[in-house]
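Heads up, there are several structures right after this.
In what follows, chain A forms one complex with chain B and a second complex with chain C.
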Partner chain A sequence: MADDGVNTKVEAVSKATTETIELRTEDGGVFDVDKPVAMEFLILKSFYEDEGRVFDKTSIRLPNVKQLELSKVIEYCTRALEFGAKSAAAAGDKDAERMVRQEREGFEAEFVDELSNEMLKELILAVNFLDIKEMLDFLIRSVANRIRNRSVAYVRQFFDIENDFTPQEEDQIHQENAWAFEGVDAD
Partner chain B sequence: MEEDNQQELKAEEEASATASIHGDVLEIILSHVPLIDLEHARCVSNNWNRAVFSSLRHLNPIKPWLIVHKQSTRHPYATMAHAYDPRSGVWLKIDQPPINQVSALRSSHSTLLYMQSSLQFAFSFDPLHLKWYRTNAPLVWRTDPIVALVGHRVVVAGGTFDLGDDPLPLEIYDLRTGKWDICQRIPAVLKDSPSSLWLSVAVDEHKMYVTEKSSGITHSFDPSTKTWYGPYDLRPGKHVFSSAIGFVNDSMVVVGLIGDSENVKGVKLWEVMKGTEMVELREMGEMPEELVGKLKGESACLPSIGLNTMGQFAYLHNPSDPGELILCEVADGACRWGSVRNVVGDDESRMQRLVFTCSDVGLGDLHDAICSGNRRFTVKDNIVD
Partner chain C sequence: MDRISELPEPILQQILSLLPMTQGLQTSVLSKRWRHVWTNFPVLEFDRTFFDAKFSNHSDTRESIPERLRKRDELFNFAEQTLLIYRNFKGIRRFTLEISFHDPELASLFDRWIGYLLESNVYELKLGILVLRNREWYNLPGAVLAAKSVTMLTLSNCKLRLPYSDIKLLSLKKLSLVDVYIEDEIFKNLVARCPMIEDMNLSGCCGLKSFEVFGLLKLKSVEVKNNRELEKVEMQVLNLQSFEYSGRYKPCEINLAPCKSLKTLKLCMAAITDEWFHDHFSEFPLLENLALSDCRMLESIRISSHHLKRLLLCRCDFLVEVEIDAPSLCSFKYNGDTIPFSLNSPALLQSDIHFCLSVIDTAWYVQMIEFLSKFNHSKLLTLQSITGKNMVVPNELRESLLPPLYNVKHLKLKIHKPLMSCATEELVDSLLWISPHPETLFIESGFGTKTFKFIYKKLTERREDSCGCGCRSVPIICWRHCLQEIEVENVSEAEERNKLTKFFWKNAKILERIDGLDSEL
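The block that comes next holds the complex of A and B.
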């Protein structure tokens, strides 16, 4: 690749440590994931590091994650690591820093645009389970954006929630708890 | 254990058949949602109502809004309002019907807005100014008086009057009786003063406090007993050429400009310690240099400071060039400074006047505003500082 030095450096690194972990999703998908990417999943990191397990070629089954989600997670985390490396390489050069930031924003915008509402929800649950802080924060902000300025009906439909208020309750919810937001302690 | 090649991570304790977003994740999502949208979120379901409540209490609490009212200086004096919500860092445009105009809109402290004409006196003090009170004008007409709401009384004092040398009486309007009352005594320093230029006003439950910006000389007035107290010297030092007062976290604070109006060297915040006879000021914080630069604006001239306080927040602006708003949040004894571009442009500033109020807007207030049918809130996107 006729890329800038940083790109080739990242690739070289990941080729050098060809350690991968095999991850199996609950719907039968099998993924060979580079170790640096897999270690972004804190649930895996603590599984190995905290428990002092030896990192050997074992296969790990992820019970709450499906293949579609995992492939998206791997895509995002791989790019996030690349951006991290580019950002570090550009440190001190304001123009280069801005370029990396814009590139990242462009990638994130496109990434989230391609996600259906259903996929976005599934991803949040998967990423929450895998405990990937940066990606979770990104997804949460994206979903918060999607429900901004939306009607109650839209939000219910988006999250697949049933209205469990009785008509009297619906009237009441605005009276009760009003005090709760005036800074008075509940209990 | 390690016998085979396969290991399995513990399944989530709450692994459920349906993918539902709830609990901690839902609360975190809600902490990123602007207050105005949380009003809708509360209505989604019982679970969401509780999640909104919990998110507001534990993750991202409600913070006071700064509301910028823009009024045309020409009849019919149409007004427009924009509010800044620091909790979500968003500006909202508030569409409202034109206030039945009396005259120029003014505010001297917190949420109070008022207008006066020779016949009428109108004022409003709820967070979103849904309710306007109208009454006969006070007995004596005056330009630019001090107007303050203390408890259930509105105090009108000082101001200027072109004819006659007699001192203008202080008048008190009691909301409960709907009547005006007169009090003749007023400290000499407050006579003949156009309040918005020379005086800074702050109010607590019982008293109104009036500080002369340039000297720091302060008087307080209790309308229930019609008693004046003071003078007190609240000037933090000779290096402070102009100050303003407010209440942050229920303590009186003094914001002081250091240097001179053409060359402001710094802006500091002092807390007025509750003492006995002696007034003691404790320095709380200093505005970072970068923000002082923003405050000065293009003209680099800062003759006095516009101050709005509510809860743990202080909002500061340059009255002659309010392009940038400086925020100061006081928590655990420390000041956290920030700034935001004033989205209300100064383009036709000659034809407009800007009035700033600060409100503790809660979900109940938003609900009432929306239900009233004559408020609409639109979040303005892409406001970059």
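The block that comes next holds the complex of A and C.
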């Protein structure tokens, strides 16, 4: 948790000298992000492609994103780009492709293991805002994994969904699809 | 606060698409928003889990047959109702129907469903409709082969038979036919009318005698495996990158020569001759991966290639000689006899060698050691053995022969039947003769991997004292003279630990420490 007014500059550099873009989160974090990684955020890409390269290091404020989330996003996107490059290099060789795939699966499993349910949800919201398709697909798969075959009550609590049906309406839905709700009470 | 429900519909639907259908349906009770999301949901999967879960094997319920039939009808009703709702819905992302049935009357029901389905512009279609009656097939409605929106089509267990009016799959990218009955005419038409196709898989099919593909500029990957009546394979595909064939030893005419962009070629149980192989191989200048397994007509192989990176030669039981000139080769896997072998592969990183069953006598050991010496420059070498016994080189031979793998850094022995294997210290003793100065030694089996990590002292000059291991003839200093420390992992049995400890202390002259073989644990 960052204190207000304290700037923690985080260098997210993977190669030697690449152009970077400065991103500022709503809770005071400042990140220098490699341009190729930042361009994965489609919300930023359109900004750059409209305006052209105006300044070397423009600073952009991201109102809906917090430090913790952004650092995770940068981590994932940086690795995703690396895997993409490895995959392209292995094209046509099924064994090498499989190895890259396995390596990627290993990284993703570890990455998601460390996320609490809350964090996973926050990341989905952040990544949806930043418009990063690949990472969003990954997070959605991870959420589905966590709620698969769980009871309705569990899913409701997981997403914190408010029930806005009247008891009669709810009953009706149950009746219409009785077979789907058989034996579902226990978690 | 629930902000997830505010996300755009496609995202929530994407989550639903990854859940079993019944759970998806249950979400409609969560809130009005979720009900709305489910009602517009474009993925339908009536597969094993859908049907089995509901009307097959519940051990805790004793249902009578009428009860089972009632449930089945309920499910079928639900499926049909849903399909009717989606009939006019643009772009169902994915539809799966996998079912097996006895009752021939059900066929018309499935025909009708497929009809509704095709009206909804499905993208990914998976149909596996198996009739549980001997020699009877479900006849696939011809309209499936004219579905203009389909990008991925997987068909199993059904029959594609004339007459079909109009075959046209203009969006198809990936085609998979598994255990299907398909006639030559239909396949020919099919292949001619899917211009966007990238990936084709034909496995276990009957009826098809000739697999001929021309043009198809986007086709990159083809798999043709275990098709029962296939007699001819003819590929004229310029951009093809990967071709895998498995033939059950049946004679089959194969012509791939026009596929100049081929990078991966895998042939298994193929009746190909030396002549065929050499003629074809020279047609693929870009080939990087080659796998030949169970090709019993091959006797002599000569490979010369600049691009070849990976090579697999397994169980081509009648091979008598192999010559390989491949400067880019980095991975090699072999399963066969100790035949004369010539290898030029300076970039070799890993090798995997499995000597097939044979009479193990002195002559065999001499040949085996000669064979292994060709792989001396491989960084990692894996030896596969059923019991490990054939890797224990007799002592008499150790005195007269040169250790074959003195440059190999990492040596691994994989034992398939560990319960019948010989003692670990016997194996370690022999492996350390075969490779006298390794960095790591692994003995792997179903019970785990025993790891030995060796740390040596840098000796400035050769010790001249004899140690009876014939190491003077080898250009490196053998472990007995310079091994200082050993780190061991996963050696668990007490007797094993004792024997190994004794072995190392007895033989390693400047040994200071062994980690991991302590008797107390």
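FYI, the second predicted complex is superposed on the first by the 152 of 187 C-alpha atoms of A that agree within 3 Å, B and C clash if a C-alpha of one lies under 4 Å from a C-alpha of the other, contacts with A are read in each partner's own complex, and residues count from 1 in each chain.
Keep this in mind: a contact is a pair of C-beta atoms (placed from the backbone, for glycine too) under 8 Å apart; a residue touches a chain by one contact, two chains touch by 3 or more.
Just so it is clear, the structure is predicted and the values come from calculations on it, not from any experiment.
The superposed arrangement places chain B and chain C in clashing positions on chain A.
Judged by the touch definition given at the top, the superposed model places A:162 against both chain B and chain C. In the superposition on chain A, contact is made by A:61 with chain B only, not with chain C. When the two structures are aligned on the shared chain, A:27 is found in touch with neither chain B nor chain C. Of the two partner chains placed around the shared chain by superposition, chain B is the only one that A:43 touches, whereas chain C remains out of contact.
Using the contact criterion defined above for the overlaid structures, shared-chain residue A:143 touches chain B and also reaches chain C. Looking at the shared chain after the overlay, A:129 reaches chain B, while chain C stays out of its contact range. Once the two complexes are overlaid on the shared chain, A:170 sits against chain B and chain C alike. Among chain B and chain C, the chain that touches a larger number of residues in chain A is B. Contacts of A:95 after superposition on the shared chain: chain C is touched, whereas chain B is not. The clash between chain B and chain C in the superposition falls on 27-35, which is one of the stretches 27-35, 135-143, 171-179 or 225-233.
Residues common to the contacts of chain A with chain B and with chain C across the two structures: 121, 124-125, 128, 140-141, 143-144, 147-150, 152, 155-156, 159-165, 170, 173-174, 177, 180-181. Only residues 24, 43-44, 47, 57-64, 121-122, 124-125, 128-129, 140-141, 143-144, 147-152, 155-156, 159-165, 169-170, 173-174, 177-178, 180-183, 186 of chain A touch chain B when the two sit together in their complex. Chain C makes touch with chain A in their complex at residues 1-5, 7-8, 11, 14-15, 18-20, 22-23, 25-32, 34-35, 54, 71, 74-75, 78, 220, 241-242, 263-264, 288-289, 309-310, 331. Taken in their complex, chain B has these residues touching chain A: 5-12, 15, 18-21, 25, 28-30, 32-34, 37, 40-49, 53, 56-57, 62, 311, 360, 362-364, 367, 378-379.
By the touch rule above, chain A contacts chain C in their complex via residues 91-95, 121, 124-125, 128, 136-137, 140-141, 143-145, 147-150, 152, 155-156, 159-165, 170, 173-174, 177, 179-181, 184.
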